[in-house]
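Each of the next two complexes has chain A plus one other chain: chain B in the first, chain C in the second.
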Partner chain A sequence: MSSEKWNVTFEVYRQVPGEKPHFDEFKLEVNPDEYVLDGIERIWAFWDRTLCFRHACHHSTCGACGMRVNGIEKLSCITLIRDVTHDGGKMRVEPLRNFPVVRDLAVDMGNFYLQMDAVHHRPVLPVSEASIEKPEETWSPEYDQYTRLSDCIECGLCISACPISGTDPNYLGPAVLAGAQQSGLSRSPQVMGLVDSENGLWRCHSVYECTAVCPSFVDPARRIMDLRKMVLVERVRRLFNRPTRTELRIEETRK
Partner chain B sequence: MNKPHAIIIGGGFTGVATAHDLALRGFEVTLLERGDICHGTSGRTHGLLHSGGRYAVKDKESAIECIDENMILRKIVPDVLEQNGGLFIALNDSDLAYADDFEISCEACHISVERLTAEQALRLEPNLNPKLLMAFTVPDGTFDPLRLALAFAATAKSNGAKIMTFTEVTGLIVNGQAQVIGVKYMDRCTNKEYELRGDMVINATGAWAGEIAVMAGANVPVKPTPGVMVAFDRRLTQRVINRLNIPGDGDIVVPQRRMNVVGTTSFEVEDPDYVPITDDQIQAMVNRGSEMIPGLRSAKLRGSYMASRPLIGAGMGRSTARTFKCFDHKETDGVDGLVTITGGKATTLRVMAEKTADVVCEKLGINCPCITKEIPLLSYRQYYNNGIKEHV
Partner chain C sequence: MSDIYNTPSRRRFLQWFNPLGRKEGSWGFSLNRITALGLTLYLYMHLVVLGLLARGPDAYDNFLALIHNPVFIFGEVLVVAAGFIHGLNGLRIALTSFGIAVPQQRSMLIVLMVIAGIASLIFAIRMFTA
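Moving on, here comes the complex of A and B:
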């Protein structure tokens, strides 16, 4: 961190439910190596106690502090002020799109979280299934007793950035489809029906905005493409009356 | 008979765990939180599910609390935990001199440890400092702070608790007999003020506990004691890495998702609302962390943050016991109807809630035992079953 000081104007989206939204300006002296969330928190602590926003972990593991900074979805806790404005510059901070606004910068993630549950996305995985760079030379079966939190932090940035989610609130959206791909279609018979539906994976236009904004390198766009392949394989199996993977899995557990 | 109504102030770890406990004991529960869940200290913890090893030598009470609760949380809320284990590593003679004491103390606190040679430790974690001398395995783990709290809140809600976020308590209602009979609060979404009556008010505001207690003329000897944490964009270890020595600054590296997080420091402040981070604190974490894991020095900084621990008893810093305390303000200040729970740490949230609920039940003459040890929590995602914002 440098000892530099910048004067930055935060243009903050304000909205009380049922009223018209507007922007409030706050002029702050900041260190450019502070994070956008530090500035927002200071506005709350010293300028305006009515400002509502969500935040918890401050290091990109909880996914609560997603916002749009100058029009781009960012996890505000790891976004350096230096990277989004300049000395004497402005920074516009808005809530995520495609979620209901609770107030100001806080949005309601309820439906999204429940959809992650509906596709059986697993919050923790055995280490052997986690996509992490692992020290291969030390890889041993004993690692299977350990678990790891999933990479997707359910921040909703991808859903905010997705143009399809923007035109149709019923579209499941990138994180949910990526979640289905990660867990596989065999966890529950309902998952196939959910993702292979009019609100599911065929709506994706391969814009890749989701992958561009994902702070956790989940790469939802690639996973949606992969999920399409998985669904097609499943459909072909059904066409030829072959047991589906779900049925095979159920049979496997019966043995 | 109507259910007794408990009002909990604070939606951090102790608040949500107390809501869960009291809801199971048949209380009507209302929890008020001025931000969203985990907006204060709880969200910003290191994320370390303590084995208790850190406290075993000097603070056995805390160590035993940690290992007991560690094992319970693994059972009741596994979907927010990395069960990844931990190591205490010795890098110099001073660390080595601590080893025997550490081993004996851990055994005395029933923390299972295993002594490893340097070669064994490096085989498990090849990115550790190759100069390490020996190590112990411990049953540490990593938790996701927000999701740990949400799991408690979700289960409390399903048992009838009402959780009101973005709701700031602005005053306590005290009657003529110096008894707290409710709270005044502001709905931060509508800027409207309301009053809420209850049979007991529980102050679970951690580092802010003094600010709430004083609203009823009571006092809590809690000192906000922040510490800095620095997250790196690489995960160089599978396990939690601790320095095998007397607890000090920057001696724990917690892996989380694809990161390693180094912490922490310890100093006192008056106002925990906003504590700035200085460059020298970050540099100290980089230096201390890379003593144990040299690769951290070339890793990119991903984030840095400050969390204000609520330590009971001022001026003692790290020598203060890390256990918790529940204050019945009838006994300490002659103010009835108000209980404060503070101190402690994330790992012990469940037992803090248990003891608080015990005090509340005793004060109200209710005989109902705690059962939270046995009840698996709901998925944290179920917290959002009714959307983020509930209204009275």
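Moving on, here comes the complex of A and C:
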């Protein structure tokens, strides 16, 4: 890290439940190679202990510190100050959109987590089932004893960036649909009914902003499009009274 | 824990028209909404103009004389441009919606919008010089 120093004004969204929101300004001397979360923690530590925000791991694994920085969704723990402002510049920090604000920068993600559960998204999965770029033939069943964290860290950035999630409170949203594509469909036929619905994958308007802001390379937009293909195949199979692939997969798992 | 400032609401549709700071997909989304509204408005205006036919040839001829000025021609160029943008972007969305060329959606948008721009320019030159 360089010894360079920048003077940056943090404009921080403040909101107490039941009151109108406003912005508080904090002028900080920072190293531009520090992260946005470092600045916010310093504001909390030395300026205002009432500032409320979520954070945990500091290395983009927990997904807790998602915020909007200058209007764009970022994981504040891996967003360099240098990348979002300049010396003498301002930086506006706001909570994620489309989630109820608990206070200041902290949002309530309870309903989102319930929806992830409803589509049977697995935060941890056998390494052989991980959807990472891999030559399939190099993986053998013995690797099933190992598990890895799922790519999706449930940070909610994609839900905040999606314009449809902003106008339709019932829309499942990119992360939930990606979760269904990734692991849900192979585990429960009910998931098909959930995603192939008015508020499911047909509500997506192909904006691709979910993929643009995803810090974990889940590529929710591609997964939603893939899910559409899967749903269409299932519908055609049902039309000809053939068992759906989901049913076949579940039967296979039972064996 | 209700929060009227941050929760999803149909009243937040104005966000659809603000792609500033966002990636190409958001610009394509906003363009499609704007051109759709413009084309819908034009459709109704077109129906009103056709209604002039019912008032006889004089009313229609007077209207035709009125629209032969640069402001109206510019309006017609906008309609043509909206048609190209909406149609070509719609093609991209139709393809990617079923999993075709999803990784290429960004470059596809740029190429199609360049085509829409060139086609609109050709039409504009022809319409203003006719």
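Everything that follows uses one rule, which is that the second predicted complex is superposed on the first by the 234 of 255 C-alpha atoms of A that agree within 3 Å, B and C clash if a C-alpha of one lies under 4 Å from a C-alpha of the other, contacts with A are read in each partner's own complex, and residues count from 1 in each chain.
Keep this in mind: a contact is a pair of C-beta atoms (placed from the backbone, for glycine too) under 8 Å apart; a residue touches a chain by one contact, two chains touch by 3 or more.
Since the model is a prediction, treat every value here as computed from it, not as a measurement.
For the composite obtained by overlaying on chain A, chain B and chain C can both be accommodated side by side without a clash. After superposition on chain A, the vertex angle at the CA centre of chain A, spanning the CA centres of chain B and chain C, is 170 degrees to the nearest 10.
Contact with neither chain B nor chain C is seen for A:Arg92 once the two complexes are overlaid on the shared chain. Of the two partner chains placed around the shared chain by superposition, chain C is the only one that A:Tyr208 touches, whereas chain B remains out of contact.
Looking at the shared chain after the overlay, A:Arg187 reaches neither chain B nor chain C.
The larger set of touched chain A residues comes from B, when the choice is between chain B and chain C. Once the two complexes are overlaid on the shared chain, A:Glu41 sits against chain B while remaining clear of chain C. Once the two complexes are laid over each other on the shared chain, residue contacts for A:Arg82 go to neither chain B nor chain C. In the superposition on chain A, contact of A:Pro17 is made with both chain B and chain C. Of the two partner chains, chain B is the only one touched by A:Ile153; chain C is not.
Once chain A of one complex is fitted onto chain A of the other, the partner contacts of A:Asp108 extend to both chain B and chain C. When the two structures are aligned on their common chain, the gap between the nearest CA atoms of chain B and chain C comes to 8 Å. Judged by the document's definition of touching, chain A residues 17, 100, 102, 107-108 lie at the interface with chain B and also at the interface with chain C.
Residue ranges on chain B touching chain A, taken from their complex, read 35-39, 42-44, 47, 78-85, 123-127, 142, 144-147, 166, 168, 188-191, 229, 231, 234-235, 238, 256-259, 261, 273-274, 277-279, 282, 302-305, 379-389.
Of all residues in chain A, only 15, 17, 20-21, 70-72, 95, 97-102, 107-108, 161, 163, 165-169, 171, 205-209, 211-212, 221-222, 225-226, 228-229, 232 touch chain C in the complex they form.
Remark: chain A residues 1-3, 16-17, 34-35, 41-42, 45-46, 49-50, 52-64, 77-78, 100, 102-103, 106-111, 113-114, 116-117, 122-124, 127, 132-135, 137-138, 143, 145-151, 153, 216-217 touch chain B in the complex. Only residues 1-3, 5-10, 12-13, 15-16, 20-26, 28-29, 93, 96-99, 102-103, 105-106 of chain C touch chain A when the two sit together in their complex.
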